[in-house]
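Quick one: this structure, given as structure tokens, is what I'll be asking you about.
Order as written gives the chain letters A, B, C, D, E and F; numbering starts at 1 within each chain.
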Amino acid sequence: MGKKAVYPGSFDPITNGHIDILERSTRMFDRVVLAILGNPAKDSVFPLAGRLRMARESVGDMAGVTVETFQGLLVDFLVQQKADVIIRGIRAVSDFEYEFQMAMMNRRLNSRIETVYLMPSESYFYLSSHLVHEVASLNGDVTGLVPAGVQKILEGKYGPGKGRK
Amino acid sequence: MGKKAVYPGSFDPITNGHIDILERSTRMFDRVVLAILGNPAKDSVFPLAGRLRMARESVGDMAGVTVETFQGLLVDFLVQQKADVIIRGIRAVSDFEYEFQMAMMNRRLNSRIETVYLMPSESYFYLSSHLVHEVASLNGDVTGLVPAGVQKILEGKYGPGKGRK
Amino acid sequence: MGKKAVYPGSFDPITNGHIDILERSTRMFDRVVLAILGNPAKDSVFPLAGRLRMARESVGDMAGVTVETFQGLLVDFLVQQKADVIIRGIRAVSDFEYEFQMAMMNRRLNSRIETVYLMPSESYFYLSSHLVHEVASLNGDVTGLVPAGVQKILEGKYGPGKGRK
Amino acid sequence: MGKKAVYPGSFDPITNGHIDILERSTRMFDRVVLAILGNPAKDSVFPLAGRLRMARESVGDMAGVTVETFQGLLVDFLVQQKADVIIRGIRAVSDFEYEFQMAMMNRRLNSRIETVYLMPSESYFYLSSHLVHEVASLNGDVTGLVPAGVQKILEGKYGPGKGRK
Amino acid sequence: MGKKAVYPGSFDPITNGHIDILERSTRMFDRVVLAILGNPAKDSVFPLAGRLRMARESVGDMAGVTVETFQGLLVDFLVQQKADVIIRGIRAVSDFEYEFQMAMMNRRLNSRIETVYLMPSESYFYLSSHLVHEVASLNGDVTGLVPAGVQKILEGKYGPGKGRK
Amino acid sequence: MGKKAVYPGSFDPITNGHIDILERSTRMFDRVVLAILGNPAKDSVFPLAGRLRMARESVGDMAGVTVETFQGLLVDFLVQQKADVIIRGIRAVSDFEYEFQMAMMNRRLNSRIETVYLMPSESYFYLSSHLVHEVASLNGDVTGLVPAGVQKILEGKYGPGKGRK
């Protein structure tokens, strides 16, 4: 049994940038849990159940990957999962500072847990769930930014995009 | 007929920093459209009609400048305006990262449209519409930060400022 | 009578990082006023009276330190206090840009007032009142991050943490 | 006669990232001068004549583009060229701060000259002449990073690369 | 046989910050090669043989760790070592941008190799080999910043430090 | 006897940006020592004696200001001067990271010494001694960037500038 890592986030919805990081993670760790944060205090566009379903449909068949939800402290979820590595994607300077803050706090809460950062493909450096919603809500085309199933759900919610130019 | 560019934003309200960027733009492009975003999802302090009126009164007589409002995707507005350049002011590292994200997304949505960045005068590096509201709401003096007409409207809303020291 | 400085903030609640900056300030200035912002427009978790009480209990006996609340423009509070130095802690690049913006605006509002920046101990680089609430609300242990009295109040609000590992 | 802009740099050697910026510039300005800095104080790997030849072979046939060398102050070269816009590519936060410094100084030296910033394709965000030398000198493959003619010259200098994997 | 990773650098000399990252790596990967860059083009204070000896004495007995030197492209060294993960410590925004550039180039040179970033303890955020030399050369005390053996060698080179205050 | 602070640097040569920071410092501290670093390892354009003379002529008559040179560790110079505050100007994100590193190291070397950061006027945000040399060496006009005496010395070295446009 090899190393197990957790890739946490809101995944609201899962994007191709998340999947890129997840694929890179599976080359490094034997098992990776994509862990969807369900804390009630955080506003999300899609409910937890919808985010879970979209993520499972998008990545559920990747070898070594499972998709779970969690509530409470992330470090407690890792203990419960018997995992000791947190995976985070990092794209920008502002990501970096927030991530630094979270990593230091998580270390303080549980010093046995380590955070590693991966960089997504440069094709996804500009991509975020928030931006996907913004584009889709204005009927922009999100083809290639999210898995096909997620695109269909976004089109159901906001109407179809107008295609690539 | 020379090049046409669009300078988009919320302009809530227009500040002297915006006007500085606009003036620099007109030296470079034959026609510049100051385009006020009217998407309902974005909270604004002033309604779209008020923002339009303040902008028109402040810059409407600059040669080559028109003031418009738009809704929907910015790249679609450019196509409709037969413009292919987006102008953005850039002041800070955090601006830069957000702008990078938007530029890459806009390129993806329409690869014929290019974004250029201009730096305002160093006198306006600290200026934002948000900060103008904050100062005016505490009765601080905003002379020199916004056009005279805008200052009058802010004073009507929040009460007069207490003058420069 | 030596120099008097003001250390402004929301202090919602006061953390050990704030106290670290305050202690460093007292080595430099004869009198330091910890000034808690009470502007109604800013959301706070604790009401002004609670923030004042926690701050007074935590630092009220430090030599040369007083704790006050203020409303309105910070520069006006300094004039009223006969102080001419603003103290700010700075931890991160994103802090820096926001602080730059505020310092330039404050200089414009009152050019006799100067802002100085101090760096907290590296142990507090990741610490913020917001993060303390987030951890406490998930029953994480905040021992060492806030004064004992504040910790008790947080535990009363959110339930006790689960201890250091 | 439309707008004329200058795209200055060391171009030591010209890369596909430079050509990307140049192409974007030509959509915006009628004439663009790629201007190679020949100040003796700056160390360069290739001599000025070689850099000029590589740039001319790579971009000399692009419509509206000329390749020149210059010495002395950039703003003086613009005056001599009857151009009033400087074009710069911007990729990273550290670029941004250096560029800000140069833009402010150039404005001070000649307030009629404006600098605009363009972002290269995300494929070239990591690319610099320096990195190209480093990779080529270790016999790494630089196919796709520089024009074919430049690649041949680099291979003549450092030996052939080992091909993409 | 589990995952093998390479932690490359100049290690000129190895510091406690490097050892911190190395220890964190060994919790994640079964075997970690600390790989000292010996390219002649890079200036180093200590010769390669000295850097190798200091690193081996400092970390040679950590389980799963070996210390090697390499020349040429890092990605070629990984192939030769049958490793597919590069480990890098990341402390600051400026690190981040340089690391991003290198990661993208390494991916281009060999897409099977992935880079992961770890954050050192906050106690080592300010630490670099360069700063250690600067302090030691001015007879400042470097106790706690480098392993005891390295400290002895620095004191032999620059004279003893003056002790903690 | 009030607080004494040290403002260290290379001052190669002193610029109006340095003088701006110095003036702000004197409002806060009773005595300020402008301390010119004379470590032989650092390359400087002007020799230490010339930098000292230019600084003394430029600021020697400011109340509470003395100009000194120092060698060795900055913290040792502060102890010798019976000062316990280091003053640094901070202009940019890249400054901030370097300054953070130095502040943490200086704290480690002597925990009684504190560093404070001041922001120069926005007119000097782009100014550095290095850039002054670069402009002067290309016969650009440096009026207003350096004191009149320094300008004369630069013109003696590089030839006169061509005046503001």
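To be clear about the criterion, a contact is a pair of C-beta atoms (placed from the backbone, for glycine too) under 8 Å apart; a residue touches a chain by one contact, two chains touch by 3 or more.
Owing to the predicted nature of the structure, the values given are computational and were not obtained by experimental measurement.
Visitor: Mind listing the chains that sit against chain C and also against chain D?
Guide: Per touch definition, common to chain C and chain D: A, B, E, F.
Visitor: Sharing over half of the contact pairs with D-F by residue number is what counts; pick that pair out of C-E, B-D or A-B.
Guide: Repeated interface of D-F: A-B.
Visitor: So chain A and chain B: same face meeting same face, with over half the numbers shared, or different?
Guide: different
Visitor: Greatest Cα-centroid separation from chain D: which chain?
Guide: C
Visitor: What whole-Å value do you get for the distance between chain A and chain F if each is reduced to the mean of its CA atoms?
Guide: Taking the mean C-alpha position of each chain, the two centres sit 47 Å apart.
Visitor: Suppose each chain is reduced to the average of its Cα coordinates; what separation in Å results between chain A and chain E?
Guide: 31
Visitor: Would you pick out the residues of chain B that each touch at least 2 other chains?
Guide: In chain B, 93-94, 97, 100, 103-104, 122, 125-126 touch at least two other chains.
Visitor: All pairs of touching chains, please: list them by chain label.
Guide: A-B, A-C, A-D, A-E, B-C, B-D, B-F, C-E, C-F, D-E, D-F, E-F
Visitor: Flag every residue of chain D that touches chain B in the complex, lowest number first.
Guide: It is residues 2-3, 24, 27-28, 84-85, 90, 93, 96-97, 100, 103-104, 114-119, 122 of chain D that touch chain B.
Visitor: Under the touch definition given earlier, write down the residues of chain B that touch chain A in their complex.
Guide: By the definition above, chain B touches chain A via 39, 41, 72-73, 75-76, 93-94, 97, 100-105, 108-112.
Visitor: Report the residues of chain E in contact with chain C in the complex, numbered from low to high.
Guide: For this pair, the touching residues of chain E are 93, 122-123, 125-126.
Visitor: Could you pull out which chain D residues touch chain E in their complex?
Guide: 92-94, 125-126, 128, 131, 135, 137-141, 145, 162, 164-165
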